[in-house]
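Below are structures written as structure tokens.
Look at the two complexes coming up: chain A is in both, with chain B in one and chain C in the other.
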Partner chain A sequence: MDPAGNAFTDLRWVDLLFLGEAAIRTIQISAVSIFVGTVIGVILGWMLASGNIFVRLLVNSLLDVFRSVPLIIQLILFDSFVSIAGFPMPAFWSGTIVLSVYTAALVAMVARAGIEAVDPNLRRAARSLGMGYWQDMRYIVWPVGIRAVFPSWIGVSLSVLKDSALVSAIGYLELLRASQILNTKTQESFKIMLLVGLFYFLMSYPISKAGDYIEKKWQQ
Partner chain B sequence: MDYQFLWRPVFKALPELVDAALLTMEVSIISMIIGLSIGLLLSFGRRSKHFVPRTLSTIWVELARNTPVLFQIFFFYWGLGEFGIFLSSYVAVVTALSFNTAGYMAETFRGGFNAISNTQMQASRSLGMSFLQTQRYIIIPQVLRVVYYPMTNQFIWVILMSSLGMLAGLRELTGETMYFNSRTFRTFEFFAVTAVIYYIIAKLVMIAARLLGWKIFKGGKI
Partner chain C sequence: MIELKNIHKSFGDLKVLKGIDLKVKNKEVLSVIGASGSGKSTMLYCINGLEPIQGGSISVDGVVVNDKATDLNKLRQKIGMVFQQWNSFPHLTALENVALAPRVVKGLSKNEAKEIAAKQLAHVGIGDKLDVYPSALSGGQQQRLAIARALAMEPKYMLFDEATSALDPELVGEVLDTMRMLASEGMTMIVVTHEMGFARDVSDRVAFFHEGRVEEIGPAKTVLSSPKSEHLQKFLAKVH
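Coming up: the complex of A and B.
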């Protein structure tokens, strides 16, 4: 408490550093989740596009759950479940696991669309030229499909980056939670919220514009 | 695992949870209506020839799409306090969700209008229809067909996003669950039941939207 009897402190440069560190943690948890979620999601998407009816039905209804229940409830449920099961883990890991599964559920739809975007005749041509199934996948489906759905994948990644803010609800100190702490400390909520909005905007906007640029370039 | 699952408190609280689910629907429907209306205006603004409406709507759309919705809720709930503006949690959540929906729907509408070639407008004008008649009978029905599916998706998103109202103190479905959780400490049981309720709501909305779309578009592909 300062001599004037004011319990709150002013916004200082140190606080900006605090926000910066929190922004880095936001990027960390998003990057890990997007990476893991994309790998799992592509595999699931391949199962959705190529599996038999039972596989498709099973995977689809499973992923549907993750898309129909709010992320914050998934986070709280998982967090409380690991404590019940006797494996309490740091908020970073439970957050990463939930975000990765959530990402995978979204990426699976993108990956399926990508595989289905490839003209079947093109694939038949590849196979009749003597390519094996995986060669067809690697040299025909992958390059053609990725062009079709890369913009959607960017969209999914950006929404995961933004949704990582919800991990604050289970106690991970990322950008949004850092802003709440500063709010309580300084009571200068408007400035802090503007600053945090700017941080998020600077992370998200360049990626979305780069995605648009690549999309346009590939369409030529 | 020596945890005892206790479901009785959850079932005793079920009537309150269903009431809270109704509040969730109320918040979502109001936000969706406001968001759709503003989104339509923004999509016109983005295609405007004039600098001011074009810039303002572009800023709105980019801000809404490039910041987390939880941030937007916090902004309207706490961020305005410095100016002595204190929105209730209900108003703050509805404002934030409408702001967000408007941004996303503006882009969807823009895509919908772009999908309709300009020559249709010229053709119907030369047949003697007025501008508004053309919009009403030619353009809007086609745009509606294009944006209908993204629109229902967005509505389900709004329902899911409204769960963040909990963190701004709104007692919608998730907030109510948190309230019971803090009285009983049956976190897993309560949130598991709430997850099921959300799933049912999402499915019901989707089925209703499909049926409605089927009826509106006369069995055509949505």
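Coming up: the complex of A and C.
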């Protein structure tokens, strides 16, 4: 406490380090969620595109739930539920689970669109050459479909990275949560929010640039 | 030999094939003509099992296509098919387009597959386009690419589904020339076509489809010069 009786501390370099560590945790929880969510989402998208009417109805209604309930409510509900049920888990894990399911719901729509973007005639041509269902999937549908919806998938990834801020609501010390702590400590909210915004930008920009690069390479 | 016995095929309530009987001997070229919707293309799709049939039986070299126990992926290796839309794989170069199936279906090594692909692309006259993506090829070149892609599996039979219908008029010739070349090499071919010149000059026999039935079939010149059926006379008057 300084002689003037100010209860707050100044913003220091070490606080920047604190934010940096939190940013790494944002990257961690986002990366795991995007990866797991994409794997599950692709499988769900395939079920939506190729399954029979019952499979589609089941998957669709399931996805509707996750798409319609705000993410922050899903996070709090799940976190409370596991505690009440007697399986409390660290905020990282409950956050990752909810964020992964949320990502999967978004990726499922993207993956379905990707599969449907592949001209059925192209697939017939592949089958006429003697390729089986999975060979057609692996060598034709996957590469052609992924080119069609890659920008949408990048969009999903960027929004998950930003939405991961909501995991702060269940106490995970990621970038937003860290900034709130610093705010309380220093009352320098403008400077801190500017910094946090810069951090999010620095994380998102390379992803969208890498996306552009890959897209261009495919267009050759 | 390809043998169709009393084939029936419907899409829902729509009956497309109403009892087709056909035999195509080895090294024979059969042209199939008829109005749109007469079932010509559908018959081709039934022959390699891309479309299931509801009645009758199709056999290729004695293997029954519509038997559940038949390994269609294996059977299709000896039945090449060329479509109206050339269906080049857009993400692969010309060479990769042709090399893909020999590699993943036949299990050849990358180099063996590429060797075959280069040979077939040269065969159809686009040996200078190996590393070009389909988007940079003309329609005629893409259709010849599709022919090379089918030939790379070393099929015994080739099915052509209106292979020149989607092409600009000035590109039709190069594709027909390639098909002529195949016929002269002794390939067994079933050619669904609107090119009466090709049907007359290249095929051994012509079959005229009308409303899901073979209305007239016989030697190409006879069928096209002195048609017996009234429908065929009308059809020929329209296309000439």
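Simple rule for what comes next: the second predicted complex is superposed on the first by the 214 of 220 C-alpha atoms of A that agree within 3 Å, B and C clash if a C-alpha of one lies under 4 Å from a C-alpha of the other, contacts with A are read in each partner's own complex, and residues count from 1 in each chain.
Here is the rule we use: contacts are C-beta pairs under 8 Å (C-beta built on N, C-alpha and C of every residue); 3 or more make two chains touch, one makes a residue touch a chain.
Not measured: the values here are computed from a predicted model.
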First, second, both or neither for A:T186, with chain B first and chain C second: neither
First (chain B), second (chain C), both or neither touched by A:S50: neither
Touching partner for A:G130 - first (chain B), second (chain C), both, neither: second
Chain B versus chain C as contact partner of A:I72, first or second or both or neither: first
First, second, both or neither for A:I84, with chain B first and chain C second: first
Greater residue coverage of chain A in the superposed arrangement, chain B or chain C: B
First (chain B), second (chain C), both or neither touched by A:L176: first
Common interface residues of chain A - those touching chain B in one complex and chain C in the other: none
Residues of chain C that touch chain A when the two form their complex: 48, 50, 73-74, 76-77, 79-81, 83, 85, 87, 89-91, 100-101, 104-105, 133, 146, 149-150, 153
In the complex, chain B residues that touch chain A: 1, 3, 62-63, 65-71, 74-75, 78-83, 156, 160-161, 163-164, 166-167, 174, 187-188, 191-192, 194-195, 198-199, 202-203
Contact footprint of chain B on chain A as seen in their complex: 65, 68-74, 76-77, 80-81, 84-86, 158, 162-166, 168-169, 176, 179-180, 183, 187-194, 196-197, 200-201, 204-205, 208
Residue ranges of chain A in contact with chain C within the complex: 119, 121-122, 124-132, 135, 139-140, 143-144, 147, 218, 220
